[in-house]
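As structure tokens, here come the structures.
Next come two complexes built around chain A: one with chain B, the other with chain C.
Now for the complex of A and B:
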């Protein structure tokens, strides 16, 4: 069963550990301090909504609007892993920002890389068994697992609340 | 969600800075969201290179093994140490100035000889002249600051109510010299020294008592002796009071020494002539924050000619953003780093007048020295006049103005009541006034710049509870007219009748944040008059918008003193259920005081009223 990053915003306390871990996971050394110093962008964001911290990141949609919008063919959904990414896909991002406009969650950003402006988004931490953001979350707000398992846990909680 | 100020003038200036593309404190507050929940709960420890450690559901102990209880209590004590240190710095400056003044080396003259004699008598200092007494008292205070922690503070023994001394002695809380207490507290909070949360919290109480009787009561006493005891007088406030035709000097901070020297020098023909030669109509010294409150409450004597009060801590960038401030003289604490960015957008010169303060980007420092104060004052005014010449036309001054009555304290209240506290006690006993609450301390963005403070004041006076203000809350009340006797109309019928009879407002300004000591003196006098302990009185303290470390020391002092102490922002202790329970419940069994955290000001006022009614019942009134 394919695993997904699931978010329980009620458990997030806004510590931003996920954003630091994400940046660190995307540089060769994996060092968080170096990631902060070099300005490596985070691909997950946490916003304050009426004072409540809410994480938001790519949902790796099944029919991704960003992939449809990408004229360069850089943005692709990998059929096997289910990940949607625009790096190392055989085509280069040309910086037209169609994906940025198309994404309903606004989770694609712009960054400078090797002298060019390119789109940057969550790549699902290809090669890691658990995405860096999930691994770093101290609060259990981010989890990684099959969607059905997440749903079942939630169902059990909802069921328990019926008799509580 | 952008928070706004409670004051129209501040909001107008906030819009102006935004139109200019200037980022100020409200914008920076938004940019900092969301803020880390571990820090807010106090469970982040950054003491050693293993850290930072956070206590989380996955990791209930730090790498060294410290629990949330240890980390929270240690962090809390460290916050208070900062406050205690800053208050001692203030006291030291005042003590040195009093001594230099007695030796005839400063532009000041002793402002209250009666108080000098009275305090010297209480402390056991003998002398033949004012000069001898003032020098001896200064030396005693400087020695009290420096002596060992095993040598009990004289001021605590002399000024604390007997019942308090008994309670504190039982707990081993009678502190020694303040500097030594600070050293001990800092040593305890180093990694791997004291990890017992209860001992750490008892240390906060002990350090708070040292701060209360030296940094607060000691400082106000010496300031009164030096600059005169506050007298009831009229005051003007808000940005509409700025006169763009004048050279405008903003006296900003907490220590009113250089500010008083500048204010006095600004009225000399020599300086006025210089200002006029530059094209100005004169020189105004305007008040900001606590330095402003100190001048305001002494405008009848040492601070004659004082201009209006501009605002409190949060307003500083917006005062400068009028474009009409030529020089900001910054003493000791509370000048925010962001002030420089706003000052640079205009012509405004920022100058540190305290050797303790070096602001990034500010290269002009006129470090206050008592013996040089007269010359330094002229230097500062000359700098302001030179800067005035560079003032452009980009000036916007809001129309808002307010007036009020300030200068309350035990002495001025006794004066107004004919020499006895009985009339005040009578109206409390009769229930016309149910009790009194000190609404004090800082202001902050989290609580909407004075919004929480003003709401609490309004709720309390509606319930016939007299409000006493100090610190940033004094400015908050002044600007919204709460210290104008006409605001008695907003009070409940009992308090309103008393205020109208005496022509006083329902919110009495006791001055600056260090004047919290003045409130302590009043509570002591009321307790003595009724022959009870402060914890039995129908009174409470509240810091509805507490912000920084001096306020932590103030708040813990109020708890040690036996008072219910309400806080608006949640202090960073909630990560430890034990510390939270001790501060909000268990400490009451030890000192009679406790912390009440309530963010809803209507509910806070209800809880405070319930507390006051319980205390009234206890006294049988």
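Now for the complex of A and C:
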């Protein structure tokens, strides 16, 4: 069963550890300070929704609108891992922003890389057993596991709250 | 089952992928009049002209795309006729290709305006890689270019030519640039940006005649041409690029039509079926229903072509699905580092339309949203495109946004705000 990053916003207190860990995980040295200084963007964002912190990141959709929209062929969904990414896919992102326009979750941003403006999004932390954001979350707001397991937990919680 | 697809660009290639996924056995044949063995992205041709990417960079599929999907390819050959009764496609080399299900993904063709001299040397269209190659070669020899048309292709071509180091003039017949995708203010921002760069922009005036090089000039190998504008002004240009819009490529059906209804494009239903059995159409050539207006329209943009190709293929393979909500008019572009996204209706057209906007000229940021009855009708984001995808999904789903109205223009609006309302 494919694993996904699950978000339980009720447990998030907005510490932003995930964003720092994400930036650091995407530079070779893995150093958070260097990531901060070089302006390496975070691919997960924490929004303030009526004062409540809510982390949001890519859902790696089954039928990704961003992949349909990409006219450079850079944005691809890997059939095995299920990850949707636009880096190291054999085609270069050219910064046309079609994916930004298409993504209904608004999780694709712009960044400068090697003198060009390109799209940046969650790549599912390729090569890591657990994504950096999940690893760094001290509150259990981000978890990593099979989707059906998470759905079952949610159902149990919902059922319990009905009883109580 | 024999599937035949005419066209190998966005809609055609996405149909190939879907067909092969659903049907491992049947034969798939792709017919294209172009010689390119690898699907390439027409939208990137301007970057190619500018010399910023090479031919490899135009490809949006792997080099072994057709092999990998076990597709029989018939390239450099034109489909000239469809025999609906015999279920055959006739080719320009007199061969016939039988089909069980046929997909027309012929795309669009460059509209050539009826101007005298339009067929002379140094006048180009920009639709195919071959044309782009010719333009790229030609730019080496010239000093001045004129782009006829200030739409998306026209503006992108103008910037591309400008980046190669030649002088560029854009002539647009409408009163402003990008009259379809932008409102007046956004057009003005774009125009002033172009003019700051040294690109001359002439609007509200057409081209009357392209005057070929005189005998003596030709004798001495000068490429110069004259261009007579409708207001009497005369410009000089060494090359001219026609970017006066496109038309659905329905030429194949003009002489012999088995009974496929055509309005502007080929009429299709939600399953991408044409009005003739077993013939489907997708992409630029198809005319489908726009979610926002509820009316039939062409939707000549990349993402819609890809999705339509998938839907058509799925229906052809016996797994019928319906085309989801699509908005014909949406575009993303970037002109000299000012990213712009426009979706749907970008101007108030009815009395009840409400406009939200922020305009900060010093930062070159302009964000505008059009609402009607508490639902988003359109957006135009320039300079700062954050949130465009999210607001775009609100347009497609026509969700009521009354309670989050004050947040809509905010660049930090997120899916959580929408889900929370």
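In this text, the second predicted complex is superposed on the first by the 164 of 164 C-alpha atoms of A that agree within 3 Å, B and C clash if a C-alpha of one lies under 4 Å from a C-alpha of the other, contacts with A are read in each partner's own complex, and residues count from 1 in each chain.
Keep in mind that, in the parts below, a contact is a pair of C-beta atoms (placed from the backbone, for glycine too) under 8 Å apart; a residue touches a chain by one contact, two chains touch by 3 or more.
Model, not experiment: these values are computed from the prediction.
Undergrad: Chain B versus chain C on the shared chain A, clash or fit?
TA: Overlaying the two complexes on chain A (C-alpha atoms) leaves chain C and chain B fitting together cleanly.
Undergrad: First (chain B), second (chain C), both or neither: which does A:139 touch?
TA: In the superposition, A:139 touches chain B alone.
Undergrad: Applying the touch criterion given at the start, work out whether A:90 contacts chain B, chain C, both or neither, answering first, second, both or neither.
TA: Touch status of A:90: second partner only.
Undergrad: Thinking of the overlay built on chain A, is A:65 touched by chain B (first), by chain C (second), by both, or by neither?
TA: second
Undergrad: Is the number of chain A residues in contact higher for chain B or for chain C?
TA: The partner making contact with more of chain A's residues is C.
Undergrad: Pick one for A:104: touches chain B only (first), chain C only (second), both, or neither.
TA: second
Undergrad: Between chain B and chain C, whom does A:14 touch in the aligned arrangement: first, second, both, or neither?
TA: Touch partner of A:14: chain B, not chain C.
Undergrad: A:50 contacts which: chain B (first), chain C (second), both, neither?
TA: A:50: touches chain B and chain C.
Undergrad: On the A-aligned overlay, A:73 touches which partner chain: chain B = first, chain C = second, or both, or neither?
TA: It touches chain C, and chain B stays clear.
Undergrad: Should A:81 be classified as contacting the first partner (chain B), the second (chain C), both, or neither?
TA: The answer is neither, since A:81 touches no partner chain.
Undergrad: How far apart, in Å, are the nearest Cα atoms of chain B and chain C after the overlay?
TA: After superposing on chain A, chain B and chain C come no closer than 8 Å at C-alpha.
Undergrad: Can you pull the chain A residues that chain B and chain C both touch?
TA: 47, 50
Undergrad: Please name which positions on chain B make contact with chain A in the complex.
TA: Residue list for chain B touching chain A: 1, 33-38, 40-41, 54, 56-59.
Undergrad: Spell out the residues on chain C that touch chain A in their complex, using ranges where they run on.
TA: On the chain C side, the touching residues are 10, 14, 41, 43-44, 47, 53, 57, 59-62, 302-303, 306-307, 310, 330-334, 337, 339, 341, 343, 385-390, 392-393, 396, 412-417, 420.
Undergrad: If you look only at chain A, which of its residues touch chain B in the complex?
TA: Answer in residue numbers: 13-16, 46-48, 50-53, 138-140.
Undergrad: Using the touch rule from the top, collect the residues of chain A that touch chain C in their complex.
TA: Residues in contact with chain C: 9, 45, 47, 49-50, 54, 56, 65, 68-73, 90-92, 94-110, 117.
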